[in-house]
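Next up, some structures in structure tokens.
What follows is a pair of complexes built around chain A, which joins chain B in one and chain C in the other.
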Partner chain A sequence: MTASTPAALPRPDAAAVSRTRRRTRPPLSLSRVLLWIVVAVVLAYLVFPVFIVAPVSFSSAKYLQFPPPGWSLQWYENYLNRPGWVPATFVSIRVAIITTLLATTLGTAASLALVRGRFPGRNAINSFMVSPLVVPGIIVAIGIYFFYAQAKLVGNPLGLAFAHTALALPFVVTNVSATLHGFDERLEYAAMNLGANRWQTFRRVTLPIIRPGVFAGALFAFITSFDELIVALFVSGSGAVTLPRKMWDSLRQEIDPTIAAVSTILITLSVAILLSAELLRQRSERIRTATWIAEEEELGARE
Partner chain B sequence: MTDMDQATYAVSGAIGSLGARVIFDRIEKRYGSVVAVDDVSLDISPGEFITLLGPSGSGKTTTLMMLAGFEIPTAGEIYVDEDPIAAVPPYRRNIGMVFQNYALFPHMTVGENIAFPLQMRKMSKAEITRQSGEVLDLVGLPGYEGRYPRQLSGGQQQRVAVARALVFNPRVLLMDEPLGALDKQLREHLQLEIKALHEQLGVTIIYVTHDQEEALVMSDRIAVMNNGRIEQCGRPTELYDEPSTRFVATFIGESNFIDAVVERLDGTAVCVEAPGLGELRAPMRSGLTAGAPVMLTVRPEKIVAVGDENGMAADMNVVTGTVDDVVFVGEMRRYVVVLPGAQRLVLKAQNRRGVQGFARGDPIRVCWNVDDCRIV
Partner chain C sequence: MTTVTSEIAQAPRAAQMARFARLRRLEQWRYVLLLLPALVFLIAFYGYPVAAMLTRSFSEPGWGLQNFEPLLQARSALDAFGLSIPMNAYIRVFGITLQIALIVTVFTLLLGYPVAYALSSVSPARANLLMILVLIPFWTSILVRSYAWMVLLGQEGIINQALIATGVLAAPMQLLNTRLAVYTGMIHILLPFMILPLYAVMRGIDRNLLRAAGNLGAAPSAVFLRIFLPLSLPGVAAGCLLVFILGLGFYITPALLGGQRDVMISMLIQQQISQLNWGFGAALALVLLLMALAIYLLFTRLLGVERVFGSARA
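On to the complex of A and B.
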């Protein structure tokens, strides 16, 4: 992105740019070749399922068969026409959005308290907040189920979103906390000194600076909820059937490539979300760099 | 107070206003059992440039933070122009501050940084633009509104920090080691610039540093702090020539210390007995009794080597010893003299024609004016 920057800018940043440009490739040695091979194998292992699932979803066969004997869009048609799939997709999206909003807001607030606050039991609360990461999902799910059964929240999308919020919180807390640890508190002092009250300080100074962490946390929260199965199995009832739950149900009845089509859609959606987030981030950075370059040119013209 | 300042501004249309008087009245700050600031009282005149000088942990920054409102004193009160402010939140104090490492907002341009305090005061856009331009002219950075802080050099960032702290026309400006991150040459240049700015604006400046030279160059008055207390407060020349404690004598400039015992007080002078050196005299100071162990301090450049001639003036202290070390430092020679009783004395002799030179091992006779030494 900085590649469009002229190399001879009289700014400290210019030095950094040319330094990265001039970075030379280390000499090719046996150990480096081995490293590349290991990396390639690991990556292939991680991505391999996609290369099976995606072709199968376009298969013309009636059963799961690889390689597909021919091509067809029948399974995507199935996804759209058979009852339950599209509504489940919308339930998933709705639950994920509510989860994202709740987890991001609560998690950011909690991180502020945990990183900045000095109160007894801070470490204990921190451990408690991230416990969903280590407690087996099934245990959490059973606990939530019994509680929801009494609270009459089973089958309620909002109830599912609350449960997912608890699961997503650790991701927000860890991401935002990490950004907050690197945050210079004097910036907040400066804002208050200049006349901003606490809320204005947070809105105008703290939040814009920790935004990358908050954003990353929000993405994790969305994905966590969007492909969560275990809790959904227990509490989605009949009123809040999510896409993963629907996939599970259909797998138990019949195995046909519809499941591959849905998987492919799910993967595409996840990748699209991550990609657009990255693009957004790059764009906001490019705008800043652009102002700087414009300024440089203007100054150059004046001199 | 804010409204009044803005009104003044609108009429005069210029950055700068009369400084405020600041009073620290028996301020104390404790963290648990640790006393960070201990019974500090200070009366700062309107428009004064005062420096809190001390090593790290001396309480100088804590004192400044209490005035800015980021720390609340556990005892005592702070007044700005007769108004007690210890309980006022920082964002309502209207006190400018230049932070260590500047604390410029990295996600805002220079223009946005400077506009920030004005936006918080709900000024109109036109007024903000006008005032920002004016303050950037003042610090010598016209036309830099569109830059981001990271695109500026350290010195430029420092100026932007000063501009941001001044743009809302505070009557008190706090500076917390504002030049600490810069190289020596730039630091010396900016010292003079800040001093000039102070004279031009008339704002009261409270400056914190651990650099004694910086304090001596810039300040009207210096308050030397140590262990949470003010050891001595006075004009730079007072502190240098008449240090009242051993700490001040060591912290500001170089000093010699001679162990002695008070012999008698004769109204105008204190006579002390130093082991091996005989009777030495120093200006009178209160609170001394005969027999008390004291220290006599004298600056190295106040001591001169003299010949063997007798009949020294009565207002001189004379001692003899042996040259132990000679260091040539360009404009002067620095001698370390060992005195009888194993005490050491450092003196500086101007490197000038007619000044006798000494070598290691030479016997030497040195003297200094009674008024140039202090009992601490």
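On to the complex of A and C.
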């Protein structure tokens, strides 16, 4: 339990800590009340704008008006009927799926190499692979734009997916690497000793254990692509107009509540994804903690 | 695998060692093969395009440093491009960008620290539940969140209408397209990037240290200032540098929420590229990248990137 490895804290340990903490909860003091008031205000600031969009999207008013004078689904009808919105949604979904598949596959393989391998230049390659996280989006966007103008890839959904894959790779690499760091390699040796080949070992032993990291990375990759705007602004042309690009174009013209409808759909989607991820995580944690406690009890009984 | 090991067992010792060494080298080659597809892909669709774009700052329209001169001499920049922005506009854009990134960093820290502190002091189960409130905006697209602020801050927006309805204001106030709107939106968008690393570090602090200090007679404020705060500094450093770097490159939010005068570097680059000033746009991109890189290096020195981003996952 050192302060230097917070992310690598073994789960069971955290559970044990929480058990002791519950017993010694600090008394409710004035400073704690103040602290929680501040926390409530900040959390409200974080969440309120996200949820204000929904009532606007159901408004019956012709323009932005709050509170809405009445309710209607006209903006959702607009989204479905006005040209461009639905096709843009499908382009976005297609690009995001290709990105997710590419980034997750390439990124997981690369993470295995970066965490396990001991070859020269490993750290430099690792830095290069995560650098798209911090390189400003506009720099990548104009680089890709010049490149695609030459390669005739402007307006090509596949081209956009390739660019998004470069942006999404760091998320996969960091998430998978994090799970690989806590991985007991002896499990793989055991599998291979028992006659499994490398692929079987990966498929049946390694992958199930690192699955949370792979899953998180894939989720990040999908969202990265689905929400990406800056690269899309430059290279989507007229053939690969994504949903963010379409929203941007119409935002520049007018603040039309159609965007509120689209935004509400997107927010619902991300909340649903987030909640299901959280539920999955909690379930896997419960299972892991349960096995740990069982193992500990077994050990205790043996002693 | 089994046939290989039995072969090894029968070989003489020296040959056996040589074989092990060879297998180990082979193993490293396997890793290189695993890495290669991602590396080639990233070079093709990220490394090469960005590098080629950056070299344009020296090669377009002709070889030389002419693209960097406008940044040094504001007066000549005006003559060269005949732009209608006021004198030393480029330097001002860099100044504005740094100022916005800095102010946003300070405010995300001031707002994020208490939240991370409070969340790290409750049970992990409850903290995870509250963390959902941080993660919902984190997972919502920047475009959607910027739009939400347009809805809130607009002339006919919710805040103005509420202020008028309650009699605080007689006429709507200009909130949208101001610097304040840029700050409000950017702080909102970047706050989770501050809270997540802070929380990860604070969760790792051994609470027994705090109890020990209290037992030894330290007042609660002293326990916080002399024990907790210093131990949380790695998280502060990670969060600040992360928010600062991301803030430097912001484009969408200032473009939607800011006014005519709130031009950040990314917007200037986009403007130059769309005006076909490719060389100068690339030069601006190079300067922006160098700024981000300098901070990034500082950041990775202080803390592994992996740990911060690894802990930021849902």
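The criterion applied here is as follows: the second predicted complex is superposed on the first by the 247 of 303 C-alpha atoms of A that agree within 3 Å, B and C clash if a C-alpha of one lies under 4 Å from a C-alpha of the other, contacts with A are read in each partner's own complex, and residues count from 1 in each chain.
Quick note on the criterion: a residue touches a chain if its C-beta (ideal position, glycine included) is under 8 Å from a C-beta of that chain, and two chains touch if they have at least 3 such contacts.
Fair warning: this is a prediction, and the values are worked out from it, not measured in the lab.
*Asks:* Under the stated touch criterion, which partner chain does A:205 make contact with: chain B (first), chain C (second), both, or neither?
*Replies:* first
*Asks:* Check the contacts made with chain A and report whether chain B or chain C touches more of its residues.
*Replies:* C
*Asks:* After the superposition on A, what does A:184 contact: first (chain B), second (chain C), both or neither?
*Replies:* Only chain B; A:184 stays clear of chain C.
*Asks:* Where does A:281 make contact in the superposed view: on chain B (first), on chain C (second), on both, or on neither?
*Replies:* A:281 contacts chain C only, not chain B.
*Asks:* Please work out whether A:223 is in contact with chain B alone, chain C alone, both, or neither, and reply first, second, both or neither.
*Replies:* A:223: touches chain C, not chain B.
*Asks:* Quick one: classify A:133 as touching chain B (first), chain C (second), both or neither.
*Replies:* Second partner only.
*Asks:* Contacts for A:192 in the overlay, against chain B (first) and chain C (second): which applies, first, second, both or neither?
*Replies:* After superposing on A, A:192 lies in contact with both chain B and chain C.
*Asks:* Return the residues of chain A at which the contacts from chain B and from chain C coincide.
*Replies:* 192, 195, 197
*Asks:* Note which residues of chain A are touching chain B in the complex, please.
*Replies:* It is residues 11-13, 184, 186-187, 189-197, 200-201, 204-205, 208-209, 288, 291-292, 294-295 of chain A that touch chain B.
*Asks:* Using the touch definition up top, name the residues of chain A that touch chain C in the complex.
*Replies:* Within the complex, chain A touches chain C at residues 1-7, 9, 14-15, 17-18, 21-22, 24, 26, 29, 31, 35-36, 38-39, 42-43, 45-47, 49-50, 52-53, 56, 63-66, 102, 106-107, 109-110, 112-114, 116-119, 125-140, 142-147, 162-163, 165-167, 169-171, 173-175, 177-178, 192, 195, 197, 213, 216, 219-220, 223, 226-227, 229-230, 233, 244, 247-248, 251, 255, 259-260, 263, 266-267, 270-271, 273-275, 277-278, 281-282.
*Asks:* Within the complex, which stretch of chain C touches chain A?
*Replies:* 1-2, 28, 31-32, 34-35, 37-39, 41-42, 45-54, 56, 111-112, 114-115, 117-119, 121, 123-125, 128, 130, 132-137, 139-145, 147-152, 154, 156-158, 161-162, 188, 191-192, 200-207, 211, 220, 231, 234, 242, 245-246, 248-249, 251-252, 256, 265-266, 269-270, 273, 278, 281-282, 285, 288-289, 292, 296, 299-300, 305-307, 309-311, 313-314
*Asks:* Can you name the residues of chain B that touch chain A in the complex?
*Replies:* 68-70, 89-97, 99-101, 103-107, 109, 116-117, 120-121, 146-148, 150-151, 153, 164, 168
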